[in-house]
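Shared between the two complexes below is chain A, which pairs with chain B and chain C, respectively.
Then we have the complex of A and B:
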């Protein structure tokens, strides 16, 4: 099991929004849901490697900014064409105002 | 009117397709104007209201004009009704298909899906095939061999472009593709952009549509009247002119094989009726640069980033005044294109988007 990695401060992300986090040569997307929970997924769309952090969060959906493919960012499930492959998700916790993700 | 055989290979499985992938021109990182996240987020926000309003108007106008055409069928009074019905059926469905395919027209996804399916049927574009072809169009906009939606290739086939205004070739190809798909055949080109698991859906839709058209033709024979076909199918021909008129302006005469939408797309100011029919896709540079922004927010986006874009073409007529001479010149020199001049406030084109040869061709 890998260590928890500090991604950002909780206040860095607005509610119902997303932020990019790069670590160890990899890129991730950190989400803050409308009900103030935090989630993390791989940062690139599984369709054509576009950064999801430039996309739109609506409820529990992240929409890719390039082709409007949709994922449930809580589960990683692909929810609409042109995406067919699910996103990998990562455990997240908030500790002392910091958002930590567990990178496997 | 046709020129010598093109040096460009537009086949999706041909030489230029392979070259674009090998050189990184395909799936490249495209230029976009910087917009603060908060402003971008506000522009991307979805709403059902504008699209519900526009869809109610659209359906009401379709029903009234279609009913009027049927009521006056047999007299000249039916002509103005079918003129309106044709444009609503054969042209406004181009933008409805497009915007709902992006999933940006409505916030509620099932509403996008319903309008998408209806519009696809009317515009004769298989909803599965065209969803994937349009994704490719956004990945590789006007990249030769990669973009399946290049409407005017080089050198331009002007006969084909003119026939497009009455939908003849489009409808012929659409019907051929529908029957081929209905027979269970997905072409090699289609296989390059439709994932395997999606292909059966494309076949199923083609079979449903074939049944609808067969029933319409049977009804026409049964009643001894063209009227059923004037309401279903033929409007794709006699009402196509508006979507072709505005659609050719999207990229016509501009650069190919570049990765900056300011070079290969055109924003045109239009009258409000055309903008309703076209759902604001006249803001085409803005749409390609930020496809997440719904049609009703494109005028705001335009105001926000116009300092970084070439000056918009002031009217449809002005667009044709620059595009037609460019097409004619491409008959002699297919490398010629209209180079979009940037205002002083814009970030310059990157050199790799505009190498010396391309710049020389534009002179």
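Then we have the complex of A and C:
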């Protein structure tokens, strides 16, 4: 049983970009893909706990700002050294221009 | 008979290469030989966080379980002592002999030694986890640490030592710190950060003599100044480990000389990482040797592909980072390729210097700022460099113009 939390307005994030969202002592990263879909993952890199929202989004990849580790933000899959542990992902929906994420 | 792949040097590059061979589906024998007693591990933390924590831990690239799962045989604490190229075999210090189909030399680099007499047990170098542990024991409140050499490793260590309350003096013979590869404007920011944290930096005066009685080190500078310390950490650069390759008759040229596919002068022997010099395609094949973590990683993976016959040329743009206090520096490309500089200011005092060649091509970008403030733009700059782009200087200089838009152009 988990709640949908409002993270931001859809217009707050550019296409092919990412934003940090903090809630309840946790930190998340919200993505807008080049084809205008929204996704959410844990906010910290699994290599050294760096905020991924400072990183670069390219297609369906988020690249960590610290050492360029890569994840597919749609699935959370680790995609390149030095990261080897996957990111947790969260369901996202857009409702009346608001981006909501379901945090478990 | 299939002999398999042998990798000498179980560091960043060798470790990554072994994993990559398996990721690529190679199912023959993979043997990773290293003279350190540890699992392959990351060195960058050794001058950063690991130094500050109470009980430093090794950051392994692969656990024993992963190595076992992937059937990678890791032989540790053993040195490769000779290569018999005709027989395609490597002799190890324990007397055993390993036959290979393809051999990868990933022997790394080792600290350049201070060429003068007087050094003793209180004068140390930092390269390995073992070195780091020994240094950590001296980083206590009030202890006096002399850092000889104002390069990255020395400065990062100085920052770590300050965090632990040690009294730190950095001694640099050059007129400023970070002379090699870092623009003066950025070195100045780092210099000021150290001074603000209480580090004493002495530049422009070479060392005349060192006396180490096992309890204290006394460094005398050419100008007469004397610095006494409980420990002196020497960080004056690194030299490639090439002895094994040289004795086997491989071509050496500021490192084990390899071609764009990382192949040495013997077609069945590859070399990668800190130990090799290679033609850098982004600068028209200029031969360089890099001492950088991501390069070791990328070249390890590339060597693995080419050991399996991919025939792929190295194409990456050099990239480096350093952390000191809350500041992060990132450099893409080699700034000495540039003739002019365009500055782009970002939020929170962060900025990026774009280095342009005579013909306007973007050849490097150096950035500094708090946290990861410069990361995204440096990454985009790296891609522009890789595309041989000639972005308009006004666009580079204006924070209002997104670098991503220049990439699409």
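As a working rule, the second predicted complex is superposed on the first by the 104 of 104 C-alpha atoms of A that agree within 3 Å, B and C clash if a C-alpha of one lies under 4 Å from a C-alpha of the other, contacts with A are read in each partner's own complex, and residues count from 1 in each chain.
Quick note on the criterion: contacts are C-beta pairs under 8 Å (C-beta built on N, C-alpha and C of every residue); 3 or more make two chains touch, one makes a residue touch a chain.
All of these numbers come straight from a predicted model, not from anything done at the bench.
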{"item": "Which of chain B and chain C A:70 touches, first, second, both or neither", "value": "first"}
{"item": "Touched partner set for A:34, first chain B, second chain C, both or neither", "value": "neither"}
{"item": "Which superposed partner A:82 touches (first chain B, second chain C, both, neither)", "value": "both"}
{"item": "Which of chain B and chain C A:55 touches, first, second, both or neither", "value": "both"}
{"item": "Touched chain A residues, chain B compared with chain C", "value": "B"}
{"item": "Set intersection of chain A contacts, chain C complex versus chain B complex", "value": "54-56, 63, 65-68, 81-82"}
{"item": "Interfacial residue positions of chain A with respect to chain B in the complex", "value": "14, 17, 47-49, 54-56, 58, 63, 65-68, 70, 80-82, 84"}
{"item": "Residues of chain B that touch chain A when the two form their complex", "value": "27, 37, 40-41, 44-46, 102-104, 107, 109, 131-132, 135, 138-139, 195, 197-198, 290-292"}
{"item": "In the complex with chain A, residue positions of chain C that touch it", "value": "16, 19, 42, 61, 293-294, 297, 301, 319, 321, 371-373, 375-376, 379-380, 404"}
{"item": "Residue ranges of chain A touching chain C (in the complex, touch as defined)", "value": "16, 50-51, 54-56, 63, 65-68, 81-82"}
